[in-house]
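Across the two complexes that follow, subunit A remains constant while its partner is subunit B and subsequently subunit C.
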Partner chain A sequence: MGAGDGSAVVWARPRWAIGGASIRAYVARRLVVLAVLLVAVSFAVFCLLYLAPGNPIDMLLGQRPRTPATVSALTRQYNLDKPFFEQYWLWAWRALHLDFGTSIQTSLPVATEIKARLPTSLFLGCYAFGLATMTGIGLGVQAAVRRGTLVDRFVVSAVVIGLSTPVFVSGVGLLYVFAIQLHWLPAFGKGNGFFDELWHLTLPAIALAVPSTAYILKHARAAMLGVLEQDYIVFARARGLSPWRILFSYALRNALIPVVTMCGLVLSSLIVGAVLTEMTFSVQGIGHLLVQSALAKDIAVIQCVSLLVAVSVMATNLLADVLYLLVDPRIRLGRR
Partner chain B sequence: MSASAAVTANPQTMTSPLLSVKRLRIERRTAEGLQTLVSGVELTVQPGETIGIVGESGSGKSITTRAITGLLPPGLTATGEIRYAGRSLLGLRERDWRTVRGTELGLILQDPFTMLNPIMRCERILGESLRNGGTSWFARREEAIRRLAEVGIHDASVIDRYPFQLSGGMRQRVAIAAALARDPSLLIADEPSTALDVTTQREILALLRRIQVARGMSLILITHDLRVAFAMCDRIYVMYAGSLVEVAPADKLDAEPLHPYSNALLLSEPPVDRRVAELVAIPGSVPSPGEVANKCVFVPRCQWAQSACHQGSPLLREVMPGRLSACIRVDEIRGQMTALRRQSAEAVFRPADTTPRNQILQAHGIQKVFGGQRHPVVALDNVFLEVREGESVGLVGESGSGKTTLSRVLVGLEHATAGNVTVGGVNVADWRKLNRKDLATIRRTVQVVFQDPYSTLNPMRSIGWTLAEAITTHKPDTRQVDREVEGLLEAVGLPTSYAQRRPAALSGGMRQRVAIARALAARPRVLICDEPVSALDVSVQAQILNLLNRLRAEREIAYLFITHDLSIVRQVTERIYVMHRGRVVESGTTDDVLNHPQDPYTVRLLASAPTAERDWLDGTR
Partner chain C sequence: MHSGRTGPVIAACLAVVLGVIVLATFGPLLAPLDPAVQNLASVNAPPSGAHWLGTDALGRDILSRIIVGARTAFVGAFVIAATSFLFGNLLGLLAGYRGGWIDAILMRWVDMMWSIPTLLVLIVFAGIIGAQYWPSVAVLVVLTVPFDLRVVRGATLEQVPRPYVEAAKTLGVPGWRIMLLHIWPNVSASAIANAFLVFADALVVLSGLSFLGLGVPPGTPDWGLMLAENVPLLFVHPVASLAPGALIVLTATSMNLIGDWLQEQLATRGER
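Then we have the complex of A and B:
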């Protein structure tokens, strides 16, 4: 017998073969599901045109004069004379080629409008995401390690404030203090060039990051507290391992596993959910565009933005799940 | 072993000890002030010596070793003196501890399933523990493989596995290898085999002893099982409620305990080789150290307690050369304790009449397959089992043997893939097709008592409410529910006032009594007891076993007793089924099977049951 409780040892494949194949299979499966979802979402988005009050021609005309020529041009352009499902098919086919029609506000192709604003939104979202994860995880870990101390109590109360302050309040507050009173940072605009942009988007990014930071912090602290109580931490200390190794490759590595999934959700919300921040700081991003288009009933733009939101949520979710697989061997290899 | 035994025989002439602990006191800061967890602990470990610290839960044995390794949980402080090789350990700074932990003192914990970092491969776990961190990757890997071989893992591929891919026994071996990586001179093993199966437990203990001898290392073994301590240790420290009550060489303690608690603990261990008339249980349950401050800690449960025992906490004193006891009356009561042991050994169990009776529970050709068609896992394979009225049947096996699955099939918590189950004359091949009346019949016939008394009672409801609910569920027209509740509490030996209490106010043993009372409310003809005492302390275990035996005599209930512990089966059953990997490998009367086992698995299981003999651990790798 000895070591050979044979049946108990299940995996005997070479080290590097484990995981890779199963991850590829998993991602492929997820991509299929994602495609199916995308079809359903795009159909719903297409239906927006018909769900909006009034008839589609009027919607698509906007402020332009209604003449037989414009009506027939729009009918041809949007295939409104074709059967409903064919209309959808043709619309979706063009959307697949990034042709979403023209904006009624600017008469420019929707894709151009989006392309002009997406980099700003991406920049702002990733900036805020960086701030949120770094401060959230950093402070969360600090609070957990110093559980019950003043630091911990301060951080925990800050979480409550951060979670319950809406962006337009914290945004206005930041503007007042840092832009108007102290003149440290600019109050609006997006700047040119990387560093100027970083400079201009700092206040919006902070305002945008506050609730997400609080959210991540709360979860990171809870996860860390759970991990610090584990036997394997005691056992690592009992073996005389260095405190840094225990903190990083034992406590943090394990505590981050649940936090990673959550960060994916936060990222998508930061990129496309920055409506209030972009309005408060007059940043010309996707959120800004969405509000303008909603006011102008610019249906083509709304459709495009909605699809963009859906795709980014799906993509970041997939990313988070794959990360989860990579960081947790128990999920990757199937716990027995 | 003989070398260390020779040293022990003469404690006065020993050289300076490797580890000495004096006046150790461990306290917890609470809102109400300081709460004492451990007090007055004195112990020494010689180079190459194995000592055992034996005690039940709450005795302070684990906390003591945490204090020795400087790993007390936050909020706990230790005072006194701890010296290792002349160096004072108490008050060391965290960075200084790193020169002690791992290199001088090693520690392994109880649960191999939580002790290893789940996201590290064994190679890293071992590699980071090895002292020569500077050498090449290849050299370190080779060294790690050598270390695994030392703990009996000769399959080098284990090094590339994660802990969750290994069995409990393998994980414990890896943990031992990691704890020994920096070659400590003293290893502390805190219940290293308790979470493991019986057969694995024996292998791990044998491994520890082999390594200890081979390395000439000192070993502190923490255990609740006196028999394990007798088989492993040179000297034994018996702890109770935060204090040491007796210190003695293992063989002397086995021959004659010199403290009423050690004596009682020895008596409440059910023997595996014979059935006793009645186990000698210790009344009550283990107190917290605060409840027994300033008196002898065992006073509330001691049959020889006198007023003198209440006057201050007695100190350990040398009653014979090399033997210390904290009992102030030990000289007066020695004879009586010996008489008690002899009486228990001589009392013969008289078996009840064995006339064949009606069958009430039968399983026939049971097959249970889990998982899909691609990866079928056969949990039960053509299992036959029957229970007749009033008889007690044991179902023995280790984890993964299918015994719990079988019990779940019997009560309808799982559906058998194939085969027939008959309960009280009702065919229950498919539980989903049964009508309300048949279901009621079945529930009145079979009830279950589960292993963990802490999670089977609703914490928000009083005991009385829980019992009343059970009573009215089975007999909605019951008039005097309160009286029924009182009757049930009396039947399981609890004061009727306990009906007002919540489960949180009860000890584990009391909760298990309540769980039994709740099962009895339905007036079942068969009680399925799934490991009903394995979560309980030894001294309480005997109480529950005696209770179950008494209830059976009073109420003519049949038992299906599921357990991994052969000594328990010996005490409460007449017939047994031995299960291994989903099949019944052997069945028959308990005496026949345990005295003359036929199946090799039964032989191995029997050899794995701890006995106090030194040679118990011989013959394993």
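Then we have the complex of A and C:
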């Protein structure tokens, strides 16, 4: 559940990779690991075809009639008459050129399907990420500064509920309140042009951002509380610096370090949450495509989307670790 | 986080969990009407004396379906929490006590699982072998064991250097006995607290899978599936969809709070 859905278990970032080595060597090492993982994952994804009950031909045929002509066409297209590892190699080679075969639902190339839906998903993801980080950090810092007040209590209780509320429940709730009762925001549809699209994706983005916001808020508050107790904050107060200066240039900069390291976890939880959000609001994105294909057993699309998701999760984790190095001078300079 | 006020909150959470357990066990006996019987004469009916929470698009009684649906919500999550508790504890003790290559292999498994998005694995799995409930539960166990394993291993590593373990070793007590009878009682508390958190996560993931139509078979009374099926009824009578959703959140929140509370009790136990 690792990344999942407001998971309550927090994983520490692996420390093994961070030694005294420079960032460049570290990134190079991580890229090598990434390449090895990519081969392993792509092999696993390729094997999905053979994991299915029955033989691959039936799976690839879908609802189409089984005639000698269609069977031989599929055998040729997927090289099913070749040895197993050669099949993998040919499949991977074509995948590298973004050729993942054709969807049995639409008979269109899988890459075309993905290309049509990727922008919507990316838009939704960035929107939700922006909402989650801004609200989470903003409210977390506010709650820490006003520790013990009514505001703090309210925020802390909201976090507990937010962390346990799955996207599909908050999505339906938001749909009812803001689209059906209040008519403030559109329930479904895509919209034309940037601002209309933004408007149409607002409800889905809020629903998607809820668990991540709660998660960021919880950690931002805890980090801020820790920093505010430090001696240098007391000293800055004693010197008579303005509260704003203390907050922004002394406290926030240090409190944000642990928060930045959570970005990877937040991004991968957004990737999972996006599937549920897109289904709740009928947003025609990658997640919607994945569930549709799973329901229709559309293997070519499932393979392509799972590879895409695996690559994005791995890239996100790498990015988060590098960001962690860049943001914390103690680690960047090789001292601990 | 506010220790002075947790008493009543935890009591309420325990009440919720007990209520769900009662519904999951005796649901079919408690339900006022048969959850599967369709009454096409009263379709999409709002709450009334005959149907307290109204009826759905096929005229089935919502309240009865919610009561009976507690079973699929609870049983799957319980099996996952219990099974991964068993394997997580055994393997965690082994990894922490023995160390060496066993530990190295098990920790690679943990590392691998922590970046895998569970729900997506289940969706892909359902897309390949078809949407089936129990195989999904089995996959979820494999993905969840590392959570327990990691907690128990960490707690075991703290116990191993202590004198009582040394003493038992010197006396020639066999390793399995030291692990199960000497060390486990000292690490069991954090493992139990973790089991509640695992339960909450499993409940949410399984309902999510059913919400997508990839969990329980169509027609089953299940909270996640009801939530999805009744979304079109939001315009006429929202309770049909919002009530099962609220129950998922209530149960998951209760389980999470109980788990957090247990962990907090453990953390402060040494100070008193």
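The criterion applied here is as follows: the second predicted complex is superposed on the first by the 307 of 336 C-alpha atoms of A that agree within 3 Å, B and C clash if a C-alpha of one lies under 4 Å from a C-alpha of the other, contacts with A are read in each partner's own complex, and residues count from 1 in each chain.
What we mean here is this: a residue touches a chain if its C-beta (ideal position, glycine included) is under 8 Å from a C-beta of that chain, and two chains touch if they have at least 3 such contacts.
Since we're looking at a predicted model, the values are computed, not measured.
In the superposition on chain A, A:L295 contacts subunit C only, with no contact to subunit B. Legend: residue contacts after superposition of the two complexes on their common chain; A:V327 is shown touching subunit B, with no touch to subunit C. Of the two partner chains, subunit C is the only one touched by A:S306; subunit B is not. In the superposition on chain A, contact is made by A:L276 with subunit C only, not with subunit B.
By the touch criterion defined above, A:N317 lies against subunit C but remains apart from subunit B after alignment on the C-alpha atoms of chain A. Residue contacts after overlaying the shared chain place A:P243 against subunit B, while subunit C stays out of touching range. Number of subunit A residues touched is higher for C, counting subunit B against subunit C.
Applying the stated touch rule to the two superposed structures, the overlap between the subunit B and subunit C interfaces on subunit A comprises residues 1-5, 8-9, 11, 14. By the touch criterion stated above, subunit A contacts subunit B in their complex at residues 1-5, 8-12, 14-15, 147, 230-232, 234-243, 245, 249-250, 253-254, 257, 327-330, 333, 335-336.
Subunit C contributes residues 1-2, 111, 113-120, 123-124, 126-131, 143-144, 147, 194, 197-198, 200-202, 204-205, 207-208, 211-214, 224, 227-228, 231, 234-235, 238, 241-242, 245-246, 248-249, 252-253, 255-257, 259-260 to its touches with subunit A in the complex. Taken in their complex, subunit B has these residues touching subunit A: 69, 71, 74, 94, 97-103, 105-109, 111, 114-120, 128-129, 151-155, 157-158, 160-162, 164-167, 169-170, 173, 175, 178-179, 181-182, 199-200, 203, 620-621.
Across the interface of their complex, subunit C is touched by residues 1-9, 11, 14, 48, 51-53, 153, 156, 160-161, 163-166, 168-169, 172-173, 175-176, 180, 268-269, 271-272, 275-276, 279-280, 290-291, 293-295, 297-299, 302, 306, 309, 313-314, 317 of subunit A.
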